[in-house]
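Following this message is one structure expressed as structure tokens.
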């Protein structure tokens, strides 16, 4: 248990290192979600429009 | 040559071509990032000067490279668009700023978190930090000009010309640490006389950078596909 | 060629005077300056640093505000279109416009700034530095602004967007300018050489790119 | 030896937002001829004239032969400054074109005595439109592209412009003119008509 704590403490610099990695992770996840949600939304719209235009191709 | 290129410049075809590349990017990026994280956090040695805080480098430097590389990409795509007038180029270039701005933000935030234990402050107004902040604002400007010209024919041209004007900032950022004696340490990996960094730190840095670069490409390609689909939607809904 | 430059410059100069936008920039500069002593709440002299930054900030904003109507009127009433169809060399038009813009938004500020600095801080030893760095920096403001003003012409929210987009490009200039004005800076020539380098590259590069933008954006 | 003036257009289309504005056009106009482009609003008359003037990028071929100097052009926008006086306007364009024509001659031809020193803001729409023709008068260009030259003009001014066009054509010039009016608008020989659907 204390060993694990040592790893997380990082010689007293734990706060900076872990918050940096935390920020990195959170921002990347948010970006990922934004990109994927946009794709989903657009595909939904496109599907609807293609159905309305009875199988539009090119 | 040009005619051959023209065949692939068809948006629909391009969308199909990048589909497999995109997936390959994602499925190599995730393991690479995981490996890089594990090595970087637990197995790489601490620096003899900076101690454990050097572990922030693996995310800080890789995102800094990406943010600069993204601008170079935008610049090249804009120049190609202005030379050959394929709308696909500018469509690709327009999708980059949003992704790049997140990486720039990551660079700035992790950089200031790295700066507190090593320099004693979160932020100094030195050359590199300031020029990176300016890069952030230039990305914001690019996004803004894209939004301002949403339904205007001149939007593509304005975007590409602005990105060319903004490219002046890139050499300033790259060489700012060499030209001025500032707090920020000089470049230690990409320089003429070879890297000056310890090999045990270089390996996780390289793994991490490759992983993040591939992730960046995945995000860009997905955005490009969405943009192409958006164009299609606009075309379909204006048809009748 | 020289003759045409002179004709267009004269017309632009006249336009500036007749449309009453000539006095706008310098009035804005002075008004902006007055804010600083008021905001610092001191009835005495400002500190030297504060007065120098006040002058640079006012210069920056006065230039930003003036940028909006650099090409706007000629674009809206179609004069640019007639220039292009009639094959009047646009390079000359752009250089003439930049020069007349600088004459109204740069030159008055250069002349008046050392006096302002003295009035505000009661200190006149840095006036020469301020004068030189303003002479070098204000043409760069005009030159950088000109392509951006040109490429925002078609946009609907021109004024606000123009200010936002141009500001980051002005920041390096203001950094070097303030560094060059600082009298405690031992390496002061370096900043002047740097500004001079940017000016001499910019005086070719930015008008050229403005011509390209105007040609492609006109329709 | 002077080349004979001619304009050949083959399969001209213009795209905006990847939708072509008019169907491919082919026509030919030669020296001493006038082309009248007819069509309803929004059919691309202005776009066609911009393509001919080289303002827009297009697909197809537009071939000019024997054009002397610059192309004369009248568009929807007048290129007039509200605060300028008429005299300053005339003087400026005389200087730009480096023209030999004297200012008195222009003032007499367009009968601008009364308004010569008043700001352009005081002029009526028709007078402003007339003033744009001063540019054509100054420069001896043999091709004129006129976009809706008669809209908003009274009969006197209209007659003036028609006379101008007539004398220009008889001087071996060429005129391309667009209008939305129906029927025969000018009694000039050598007229071709092009209707854009």
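In this document, chain identifiers A, B, C and D correspond to the written order of the chains, with residue numbering beginning at 1 in each.
The working rule: contacts are C-beta pairs under 8 Å (C-beta built on N, C-alpha and C of every residue); 3 or more make two chains touch, one makes a residue touch a chain.
All values reported here derive from a predicted model rather than from experimental measurement.
So which one's got more C-beta contacts, C-D or A-B?
A-B
Of the chains present, which has its C-alpha mean closest to the combined C-alpha mean?
Of all chains shown, the one whose C-alpha centroid lies nearest the global centroid is C.
Between chain C and chain D, what is the separation of their C-alpha centroids in Å?
Each chain reduced to its C-alpha mean, chain C and chain D end up 38 Å apart.
Could you state the distance in Å from the CA-based centre of chain A to that of chain C?
Computed value for the inter-centroid distance: 43 Å.
CA centre of chain A versus CA centre of chain B: separation in Å?
Chain A and chain B have C-alpha centres separated by 16 Å.
Would you mind pulling out the distance in Å between where the CA atoms of chain A average out and where those of chain D do?
58
Residues of chain D that touch two or more other chains: which are they?
There are none in chain D.
Could you list which residues of chain B touch at least two other chains?
153
Applying the document's contact rule, which stretches of chain B touch chain A when the two form their complex?
For chain B paired with chain A, touching residues are 12, 37, 41-42, 46, 51-53, 55-56, 59-60, 63, 99, 102, 105-106, 109-110, 113-114, 116-117, 215, 219, 222-223, 225-226, 229-230, 232-233, 236-237, 239.
Considering the complex alone, what residue numbers of chain C touch chain B?
So the residues of chain C touching chain B come out as 144, 147-148, 151-157, 161, 164-165, 167-169, 171-172, 175, 206, 209, 212-213, 216-217.
Any idea which chain C residues touch chain D in the complex?
3-4, 7-8, 11, 14-15, 18-19, 73, 76-79, 81-82, 84-88, 218-219
Applying the document's contact rule, which stretches of chain B touch chain C when the two form their complex?
Of all residues in chain B, those touching chain C are 130-131, 134, 137-138, 140-141, 144-145, 148-149, 152-154, 157-158, 161-162, 164-166, 168-169, 172.
Could you please specify the touching residues of chain A with respect to chain B in the complex?
Against chain B, the touching part of chain A is residues 7, 10-11, 13, 16-17, 19-21, 23-24, 27-28, 30-32, 35-36, 38-39, 42-43, 45-46, 49-50, 53, 56, 58.
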